[in-house]
Each structure stands twice: as structure tokens, then as C-alpha cells.
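Paired with subunit B in one complex and with subunit C in the other, subunit A is shared by the two complexes that follow.
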Partner chain A sequence: MIPAPFLEIAVLTWGLILLMVDAFAGKTDRRGVAIAGILGLLVVLAASFFLTPPTPAAASGFWSFYTADPLAIFFKRFALVTTILVLVMAIDYAPAIRMGVPAANPHAGLGEFFTLPIFTCVGLMWMASAIDFVMIFVSLELVTMSFYVLVSFTRRNPATLEAGVKYLILSALSTGFLVYGITWIFGVTGETNLTQIGTVLATQEIDKIPLLFGIALVLVALGFKIAAVPFQIWVPDVYQGAPTPVTAFLSVGSKAAGFVVLLRVLTPFLMLPQVGRLLVGVAALTLIYGNFAALPQSNLKRLLAYSSIAHAGYLLIGVVTFSGAAVAYYLVAYLLMTLLCFAVLVVVGNSGGSDQIEDFAGLAKRSPFLAFAMLIGMISLAGVPFTAGFLGKFFIFDAAIRQHQTMLVVIGVITVGCGFYYYLKVVRAMYWLTPPADSQPVPLSALSRLTMTLLIAAIFVLGVYPQPILNALDQPAARATISMFR
Partner chain B sequence: MTSLLPWIALLLPLASMFVILLATRSLRTLSAFISVAAVLGSFVCSCLIFFQQTSAAAAICWIDLAPLFSVPLGLTLDPLSRSMLFMVTGVGAVIHIYSLGYMSADAGKSRYFAGLSLFMFAMLGIVLANNFVMMFIFWELVGVSSYLLIGHWFERPAAAEAAKKAFITNRIGDFGFMLGILMVWTGTGSLVFTEIAAGMAKLTAHPSYLTAAALLVFCGAVGKSAQFPLHVWLPDAMEGPTPVSALIHAATMVAAGVYMLVRVGFLIDASSGALHVIAWIGTITAVLAALMATQQNDIKRILAYSTLSQLGYMVMAVGLASGQAAMFHLFTHAAFKALLFLGAGSIIYMLHHEQDIWRMGGLAKRLPITFLTFLVGTLALIGFPGFSGFFSKDAILALAYERSLPIFAFAAFTALLTAFYMTRLVVVAFFGDARSPHAARGAESPIVMTLPLILLSVPAAIGGFGFFARNFLSLPNETKPVVAVPVIALLALLIGVVSALLLYRNRTTEPVEIELFRNRFYFDELYTALIKSTQGLLAAIAAFIDRWILDGAIVRGLSGGTWGSGFLLRLLQVGNLQAYGFLFGLGIIGLIYFTVFH
Partner chain C sequence: MVTLGDYLFVSGLLFTLGFAGVLLRRNLIIIFMSLELMLNAANLSLVAFSRFRTNSLGQPNYDGQVFVFFIITVAAAEVAVGLAIIVALYRARRTTHVEDINSLKF
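Right after this comes the complex of A and B.
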């Protein structure tokens, strides 16, 4: 049996070791670093199934800002799986890194590109366990810092550089508001621990206005992380400019962590009606913006950026309706289908194509497997039955109907219709348009093929048998969290 | 005690299908043996379940959305499903073995056996399902496997057409079935049979709702068991290989509709209106199909119409509120009809795919085993005293006599017709002189095909006796035994046999031509005309709506509007960092305004 914090420590140590190896590796091929990273994370993932159960009474000292409840464990595994898949993509992306980083040694930078996601993973894992504002802030920053570097990694490419600058400045701006909001909440309640804040709110008579002001500022920062309207403005440019594996990481890892923190932070505050109302509005706007703005896109990465905003909208419905299991399931489905699409995008983009949808024309004739993988990713994102994406939306809408959020359901259903239009546009290009005359089959490594096969299988298995995910959170502690929501 | 045995019995054929499709597709003989091994494995499991009287299977929760709905993946093991399991795997095993001979030279052997395995999986799923969702899924799966197997020789247009017709006709019934399931679920809040049975009070409070739900569920059986007016697909389905006709379109799948009705008997029996409709649908099917059978020349088609007619008997029994009588006839029918089909298959095989009975003749001498077993099957089917069909048909006739005399009259008339057309078939095909060169040179089939015939003739002969049948079924016991019923039945039998003997002995061509029967009451023509006219009209209306209302107003307008708004939203994305910062700030102000001051 392993205590939960050892997971983070193990990942951190492994990341440092790999960084050291990279520093002294000279001119050897750095792909070994990525493979080692993947294997290390797999070991940690396996270890996460042998944790010592948390002791309920230990709410002091270290355990007052760190929790190992089922929600935390669940998202730790989520972060690990995401990072593993991103590393697989990064291996495929290596040629683009070599071209994008100015250095005499052709391997320079590759090792860092492979190890930085591991540090991001540590941040994500800590974030899943954070129940104190200080801890939340620190882990959030660890994630953001590593992303600053990753987003602008291929710095010979002006678009990447521009994306890096935009992400740096706007993210810093949002972080500033987060700290500011935390201080206001601390000023009103005298606490930074979320449980303590809940107790204070329930027992003492406090001034609501400054408290709401503080919450609004915290929500600004979290809204930035999860790409909710009106803080989505950075998403399309940064997603398009960043190296593709990093975009995938941003859209899955960063967003999922934002939602965990959102679930945790909102727990004590949901008794305030203003917060619920605000979130309904934000969810509706996010749905409409993400889906409608995706319609005219012709660049696949940008399309996926808007799609990521749209999915944040569906997830917010789950948050508004306090449905932790639905959010968790949706995030898992989102992970599978988004990373599948990005994996195909990396491989196809590498073989000389760009990220334009028209470059996927006739992919089904050139590389049937890749086209099939993309097809599954797209129909799952759109929400076709028997895929995980369908059940994700089903659970979210089910929760919303039970909470009588009719307006959100109506908007949700209409925007799903939009989704079919723009996702199937990609399918149309792959299967109905004729490929250019000089097109070649796209080479695909065995590792990527295996990964994609597993992702496709997972999308279908979870699409018909969702119970494992729903059960993962259905444990006493998680139930307590959810019942607090209710 | 929970047991994994039923799961093994269920999943073995599925595993066999995957192995054949993924690995051994090119090794045709190996594929065949894998499939046979799987079904034998299932049969052994079924025997163990049957003789150990296992009553519970391991179950897992598939989808749990309590309190909205939850679907367990559970299996029912009550006496009904245990016996059915035994019968399906038993007949299935025999027919698999027979297929080894019948399909030995077929190029698509792997595909054929994969299809059979898929069918076995789906059929066992129907038998074992403990809830409507699972039953519906397997219900559709047998539809798919039936489609694949009817269309096995898809290069023949008739086979491809028949497969399509079977599938689409079934879908019509299944649509009603689905609506019925939804109504039951809405009414009781559950999909599990035992829970629905427990919550029947909620349904019986609304009799008309209950009747509608029961009749919609019955629609599923109308499609699958080929009852009037959806009976048209079954005769065409004879385009498939003969073992398929024996297994799917005689013994098991078409009986699934009856089995389903018995399984949800608590639902059907609660509505007298529904029972009435069901009983008459069964009666009409029985009579019409028997009339059509008298004028067919294709040996398989005669048997197909006979199947329709016998299924009509079973549905009639369900409608007379006796699931026991229906299941009794289902069991005996499975044995003797599979036997008859396999016998027909043996003839067809040796006569190089000659199916016209007028081009046979004198086969009794050339195919002695086939002839003797076929004779056993015939005697069972026409209800000759002592043979299995006599007892089960008598049970249904007695039931009808007790409950409704008009139905009894039709049932007795059908018995007469049955005796007539079967005697005609036997006399024309087996006696007289050979009327074609193939018939003159025919010889007995290989042992792998005659052995199944012998195996099946045992239950076909003795299956009706109480000492044998009671092990498998709870037999219907007549409240007051009436002498009139067996007397009338025997009289009908006698008239049928004697008139057919007189009419067809030593004939070389058909002595009576009744166009109406031969052309199956013009149902197919009627449906074709109906579909053509309604389809044309509907298509015109749909085209108008699609072009002017949907495409013109809604789609153009909506897509233009959404695309335009999307385009406008895109304009926000100017790419300028200062502008982003400004919008970000506006957002913060808006958020604070709505949280704090609104």
C-alpha cells in the first residue's frame, strides 16, 4: 500500500532524472527519454490502484490542503493517461521540433520537450488533490509555467512565438485576478481552506458583496483555464499556433484540471444563488459561442479549438447541475476522442500536410486506418450513439433535465446540431473528396497505431458500458461531495 | 447459487464467430469445425444447466441511471428458459452437424458457419434475456443473422431480394415492438421482466393503455413469427440454404416470437382485448397458410407454409391464454419441422438442387433413410395418433373447444388441410415413377446428413408422450377431457389423408389448379401495389416539403443565419493582443457586474 502523495513525488523524481539524463546524453537519440517517461508514468498509473485508503480524521497539517478522495484519485489517473498519450504524440512530432528549435545539435530541445509534460503532469496531479486556495494557486502555476515553455517551444515558427506571447500575457493576467480574488475571500472569511470556508459560510453572518466579488475574480481565472466565454478569446490563436501535442495537452489536461478545481472551489459557494445563475449564463454563452464560431472554420486545429470551447459549455452544464459523475464521464470521453483526433492530426500534419481541412481530402484512400480513426474521433465528438461522446452528452442532459435547466438543454440540443455540421465536414473531406494526384500513404509508427487502436476501442467500450467510470466516483467520499452540491 | 454456465453457453458461439471472422476465414474446414465445437459446447452447458436445475446466473449492471432506469445484464433461468435453452442448442447442434455435409463444397463455408454462430449467440440471448432491452438487442441480432444467412448465396438475385424482404418486414414488426417496450417502461418504470410482473398493478389500472402496450409488443412476434399480415417474408426466406431454413425459419427463430409472448405472458394475459386479437391473428394465419400450402410445388415452400400454419396454432394458443399449450406445440414442432426440412434438404442435395415435387417421384426406394424419417416427421405434423404432434395439437384443439367454438372450427379445418397437403407432398415426391433424370439416379445422402435425421426422428416420434415431455415442460392439463376433440381431429386427419391419396396417387401433373391459393391470395402483389402507390405519394409530398419548406426556408435560413453569426463571431478574433486584453477586461467587468450587482 502506497500513500497518495508518493504518486506525485514519484512522477516529479522521474521527471528530474530524465532531465538529467537528457543533459548528459550528448548526441544520442532522445526518443528513449520519451519512452522512459511513458513507462515511468505507466508504473505510477498502476501504483495508483494500490493506494492506502485515506483516513477520514486526518484533516490537519499536510492533509488540510491535500486530499486523496475518489475525485482526486480519479483525476490523478486522468492526468497520467493524458500525459502518456501526449508523450506518444510528442514522439511522432519530433521532426517538427527539430525544425522548429534553433540549435547546432539536432537533438537539442527534444529531451526538454519530452520531460516538460511530465512536470505539467505533476502539477495536474497536485491540482486534483488541492483543497486549499494556496495549494490550488501553487499547483495551477506549476501547470501554467510549464505550458508557457511548451506553447512557444518551436520558436523558429512565428505563429508559435505569437501564440506563446499571447498565452503568457493573458494567462498572467488571469493569474493576477486569481490571487486578487483569493485575498478577497480570505479577507471576508479569514480562511484559505475550502472546508473551513464552507463552515464559516454556513455558521457566520458575513458580508456577501465582497465575498461575491472575490468569487467572481476566482471564476475569471478558472474560466480562463477551462476556456469559457468571455475568457475564451485566447483559445483559437494559441491552439492553432502551439505545437500540436501541446495543443492536445492544453485542451485536455489543462481543461480537466480547471474543472476539478471548479468543482472543488464551487462546493462551499453553491448555496449562493448568484453563483448558480452566473454559471448558467456562462454555460449558455460558451455553448453558443463555441459551436457557432466553429461553423465557418477551415483549419482543423482551429476547429478543434472552438470545439474545445463548445465542450467546455457542455461540461459547465454538468457543473451547474452538480453532477460530478456526469462531468467525470464527459471528461473521460472528451479525453479519448480529442486525443484521438490530435494524434491523427500530428501524424498527418507531419507527413507534409498542414492543418487545413482540405489537406485531409481523400485521406480514406491514402491511409484508411488514419481516416477511420479520425472518423471515430469526429463522430464521437459530434455525439453519435454507441460512442463515448454520445453517452457523455446523454448524462449531462439527463442531469440538466432533472434539475429543470430546460433552457440549457434546449441550447445544448441546438448546438449539438451545429456540431454535426462542422465535425462531419472533416469526415466529408476524408471520405468524399478526391485526394490530390501526388498524394502518398501516410507513414504510421507501430506505437501510434497501437495507441489509436486502444483509443478507438475505449471510445466504443465506454460508449456501451459506461458503468466503470460512473462507479469510479460513486464511493462514500465522492457521494459526500456530491451531496454537498445538492 | 449463481453460475457462469449460462454465460459460457451464450458466449461460446460469439467467440466462435470472432475466431472465424478474424483468424480462420480462409481455412474453411477448420472454421466449420470451430463453429460445430462451439455449439456442442453450448449444448453441453445447456445440459448441465438443465439437469442441475441451475436457477441463477451471475449478473452485472450494464447501465445504472437510477431512478430513471437501469439495465442489468442478467440472464433468466426458469424452467421455461432452461427447456428452451436445451431445445435450441440441441436442435442447433444437430443442424450444425448436418451443415457439415450439406455445405461441404460451398465456397462461402466460413461465412456460413460464422453466420450460424452469430445466430446461435443471438437466439440464446433471446432465450436467456431477463429484460426487454437485452431481448430487443438480441431480437435485432437474430434479424441480422437471418438476413445474412438467407442472403448467403447473394449472387442469386432472388436470395438477395428475399433477405432484404425478410429484414424489412421484420423491422416493421420490431418498430411496434419497440414502441410497446417503451410503453411498458413508461407505465411500470422498469424493463426487467420480474419487476414488470411485480408492478403490473400500475398497468392494469389503465386497461386501454395496457391493451395498446400488449398489442404493440405482440407486433414484434407478428414480424418474427411471420403472422398475418407480415407473413410474406417467410416463404421467400426459403432461398437460404436448407439447414438455415430448418434451424432459423422452422425450429428456433420464428418460434422466438411465441417464446417472447409466453415470457411476457403476465402482460398479455392481463388484457382480454389483446388476447382476443392475438387468438384471431393466429387462427387467420393458420388457415390461410394451410390453404396456400395445398397448391405449392416447391418442397421447401410447402414446408414453409406449413411452418406458418403451425406458428398460427401456437399464437392461437397464446391468445387463448395458455402459454403451456403454445410451448408444448413449439417443442414438438421444432423437432418434427427441423426433421422435415433436413429431410427435404437431403432430397435437394442428392437431386442437385431440384426442389419441384413434380420432378421427383419414386424416392422412397432410392433414399430409404430419408424417406422413413420424413415419414415420421409427416405423421407427427399431421397429428397421427401416437406421434408427438398429435398430443400438442390436441392440447390446442381442446383449448379452443373450451374457449371459442369458431376458433375450434378453423383449427380443425386447418388440421384437415395439414393432413391433405402433407399427404400430397409425400405421395408425389416419394411414390410413383421418377419424373426427372436426377430423381431416377438419386442415392442416399452421406452419414453426416442422415444421422441428424435419425436423431431428430426420435423426439419427433415420442416427444408428445407425457413421460417424455413432462421433463421439459409443464404440460397443459385439460380441465374436463372431452371425447369430441380427438374424434373430430382424427376425422379431419382421415378426410385429409384419404382425399389427398385419391387425388394424387399416380399423378404426374397437378390435377386441380386453384390460382388464388397458388398465388398466396395475392398478398405480395397487394403489398407491392400498396407500397408503390403510397411510396410514390409520400415521396412526392416529402420531396415538396424537403425542397420548399425544409431546404428553402429552414435549412437555407438557419444555416445562413448560423453561418453568418459564426462569421461575425470570428470577426472578434482579430488576432491583436491588445484587443484581446481589452475584451478580457470587458468580460471581467461583465462577470463582476452580474455576480455582485445584478
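Right after this comes the complex of A and C.
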């Protein structure tokens, strides 16, 4: 039996060891670093199933910052799986990194590109467990700062550098809002611990205006992380410019961590009716903007960026209706289908050189397997029945109807219709357009083929049998966490 | 006698100045400075809250002061990474003006 904090310590230590190995590896091939990273994370993932159950009375000292409840464990596994899949993509992306980093040694930069996601993973795992604003702030910054470096990694490419600078400025701005918001919450309640804040709010008469000001600033900062309108302006540019595996990591890992923190932060504040009304408005705007702005896109990475904004809207409906299980299931479905699409994009982009939708013309004739993988990813994102994406939307709308959020359901259903148009545009390009005359089959490594097959299988299995995910959160302690949202 | 309100006013002023700087200035280095100003505004009000919200024994609430140390450390790390990225941009483009950073369509 392993205490939960050892998971993060193990990942962090493994990341540092790999960084050291990379520093002294000279001219050997760095792909070994990525393989070692994947294996290490798999071991930690396996270890996460043998944790010592948390003692209920331990809420002082370290345990007032850190919790190991089922929600936290669930999102630790989520972060580990995401990082493993991103590392698989990163191996395929290695040639582009070699071209993008100016250095004499052809392996320069590759080691860092493979180890930085591991440190991001540590930050994501800590974020899943954070129940104190200090811990939330520090782990959020660990994630953000490793993303600064990752986004602008291929610095020979001007678009990447530009995306990096935009991400840097807007993330640092959101950090400023977060810190100032926490300051006001601390000033009003005298606490940084979320549970203590909840106790203070329930028992003492406090000044509502400065408290709401603080919460609003914190929500602005989290809105940046989850890409909710009106804080989504950075998303399309950064997603398009960043190296593709990093874009995938940003759209899944960063967003999921934002939603965990949102669920945790909102727990003590949901008794304030203003917060609920604000979130309904943000969810509606995010749905409308994300789906409609995606319609005219011709660049697949940009299309997926707008689609990621749209999915943040569906997830926000889940947050507004306090259904933790629906949010968790939707995030898992989102992980599977988004990473599948990005994995295909990395492979095709490597051989073709760009991510325009027209480059996918006739992919079904050139590489039937890749086209099929992309097809599954796209129909799941659109929400075709028997895929994980459909059930995710179903649970979210079901929760919304039970909470009488009719307006959100109507907007949600209309925007799903929009989604069909732009996702199927990609499918049309792959299956109905003719490939260019000089096109070659796209080479695909065995590791990527295995990963894609597993992702496709998972999308269908979870699409008809969602119980494993729902049960993971449906334990007594989890029920207590979720019932707090009611 | 300086009151809590005075400190919060100055801190609010610093935060507004920083935010205005981010929105209005066009040089990346100045924008980055303004961002640091926003973090320091938070530090000032945290210390003020900590000093004036005393417990029953008359001691300050040290949680706020400890948080300030975390913010200072994180801000320093952020500057290190951020300036490195801006330097890389300057080497590639020979400019640090935001108007020149527009190759990705908005």
C-alpha cells in the first residue's frame, strides 16, 4: 500500500532522473528518454490502484493542503494517461523538433521536450489534490510555466514563437487576476483553505461585495485555463502555433485541471446565487461562440481549438448543474477523442508538412487506418450514438434537464447540430475528395498504431459501457464531495 | 494613522496601473513589467490583510505573509522563463512590439 503523495514524488523524481540522463547522454538517440518516461508513468499509473485509503480525521498540517479523495485520485490517473499519450505523440513529432531548435547537436532539445511533459504531469496531479489556495496557485503555476516553454519550443518557427509570447502574456495576466482574487477572499474570510472558507461562509456574517469581487477575479483566471468565453481569445492562436503534441496536451490536460480546480473552488461558494447565474451566462456564450466560430475554419488545428472552446461550454453546463460524475465522464470522452484526432494530425502533418484540412483530401485512399481513426475521433466529437462523445453529451443534458436549465439544453442541442457540420467537413475531405496525384501512403510507427487502436476501442467501449468511469467517482467519499454541489 | 483601507487603496491603484499597462502599452517588456506590478499589488494587500486581521491574541494572520513568499518565488520563476521567450522572439524578429506579432490570423 502506497500513500497518495508518493505518486507525485515518484513522477517528479523520474522526471529529474531523465533530465539528468539527457544532460549526459551526448549524441545517443533521445527517443529512449521518451520510452523510459512512458514506462515510468505506466508504473505510477499501476501504483495508483494500490493506494492506502485516506484516514478521515487527517485534516491538519500537510493534509490541509492536500486531499486524496476519489475525485483527486481519478484526475491523477487522468493526468497520467494524458501525459503518456502526449509522450507517444512527441516521439512521432521528433523530426519537427529537430528542425525547430537551432543547435549543432541534432539531438539538442529533444530530451527536454520529452521530460517537460512529465513535470507538467506532476503539476496536474498536485492540482487534482489541491484544497488550499496556496497549493492551487503553486501547482497551477508549475503547469503554466512548463507550458510556456513547451508552447514556444520550436523557436525557429516564427508562428510558434508568436504563440508562445501570446500564451505567456495572457497566462501571466490570468495569474495576476487569480492572485488578486485570492487576496480578497483571504481578506474577507481570513483563510486560504477551501474547507475552512466554507465553514466561515456558513457560520459568520461577512461582507458580500468584496467576497464576490474576489470570486469573480478567481473565476476570470480559471476561465482563461478552461478557455471559456470571453477569456478564450488566446486559444485559436496558441493552439495553431504550438507544436502539435503540446496543443493536444494544452487542450486536454490544462483544461481538465482547470475544471477540477473549478469544481473544488466553487464548492464553498455555490450558496451564493450570483455565482450560479454568472456561470449559466458564461456557459451559454461559450457554446455559441465556440461552435459558430468553428464553422468557417480551414486549418484543422484551429478547428480543434474552436471545438475545444465549444466542449468547454458543454463541460460548464455540467459544472452549473453540479453533476461531478457527468463532468468527469465528459472529460474522459474528450480526452480519448481529442487525443486520437491530434495523434492522427501529428502523423499526417509530419509527412505532409501542414495542418490544412485540404491536406487530408483522399486520406482514406492513401492510409485507410489513419482516416478511420480520424473518422472515429470526429464522429465522437460530433456526438454520434455508440461513441463516448454521445454519452458524455447525454449525461450533461440529462443533468441540465433535471436542474431545469431548459435554456442551456436548447442552446446545447442547437450547437451540437452546428458541430456535425464542421466535424463532418473533415470526414468529407478524407473520404470524398480525391487525393493529389503525387500522394504517398503515410508511414505509421507500430507504437502509434497500437495507441490509436486502443483509443478507438476505448471510445466504443465507453460509449456503450460507461459504468467504470461513473463507478470510479461513485464511492461513499465521492458521493459526499458531489453532494456538496447539490 | 494608516488604516487597512489606505493600504487596500494603494494596492488597488497598483493593480489598476498594471492592468492598464498591459492593455495600453505596446512594448512586450513594459507589458511584462506591468504584469509583475499586478502581482505586487496582490502582495501588498495580502500583507495588509495579514497585519490588520489579527486573531484573539492580537497576532497577525501569518497565512497571508507565507502566501506572499510563494507569490514572490513564482513571480521570479515566471520572469526567468518569460524574458527568455521574449529574447528568443527579439532574436527572430528584431522587435518586441505587439503590432509586429501578427502572423497568426486573429
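Everything that follows uses one rule, which is that the second predicted complex is superposed on the first by the 485 of 486 C-alpha atoms of A that agree within 3 Å, B and C clash if a C-alpha of one lies under 4 Å from a C-alpha of the other, contacts with A are read in each partner's own complex, and residues count from 1 in each chain.
In the analysis below, a residue touches a chain if its C-beta (ideal position, glycine included) is under 8 Å from a C-beta of that chain, and two chains touch if they have at least 3 such contacts.
Note that the structure is a prediction, hence the values are computed from the model and not measured.
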| item | value |
| --- | --- |
| Which superposed partner A:326 touches (first subunit B, second subunit C, both, neither) | neither |
| Touched partner set for A:345, first subunit B, second subunit C, both or neither | neither |
| First (subunit B), second (subunit C), both or neither touched by A:294 | first |
| Subunit B versus subunit C as contact partner of A:190, first or second or both or neither | second |
| Partner chain in contact with A:237 - subunit B first, subunit C second, else both or neither | both |
| Which superposed partner A:172 touches (first subunit B, second subunit C, both, neither) | second |
| Which superposed partner A:158 touches (first subunit B, second subunit C, both, neither) | second |
| Partner chain(s) touched by A:137 [first = subunit B, second = subunit C, both, neither] | second |
| On subunit A, positions contacted by subunit B and by subunit C | 165-166, 169, 173, 177, 236-237 |
| Subunit C-facing residues of subunit A, complex | 133-134, 137-138, 141, 145, 148-149, 152, 155-156, 158-159, 161-166, 168-169, 172-173, 175-177, 179-180, 182-184, 186-187, 190-192, 236-237, 240-241 |
| Complex interface listing, subunit C residues touching subunit A | 8, 15, 18-19, 22, 28, 31-32, 35, 38-39, 41-42, 45-46, 49, 53, 61, 63-64, 66-67, 70-71, 74, 77-78, 81-82, 85-86, 88-89, 92-93, 101, 103-104, 106 |
| In the complex with subunit A, residue positions of subunit B that touch it | 60-65, 68, 559, 562-563, 565-567, 569-570, 572-573, 575, 577, 580-581, 583-584, 586-588, 590-592, 594-596, 598 |
| Subunit B-facing residues of subunit A, complex | 165-166, 169-170, 173-174, 177, 209, 212-213, 215-217, 219-220, 223, 229-231, 233-234, 236-237, 274-275, 277-278, 281, 289, 292-296, 395, 398, 402, 418, 421, 465-467, 470 |
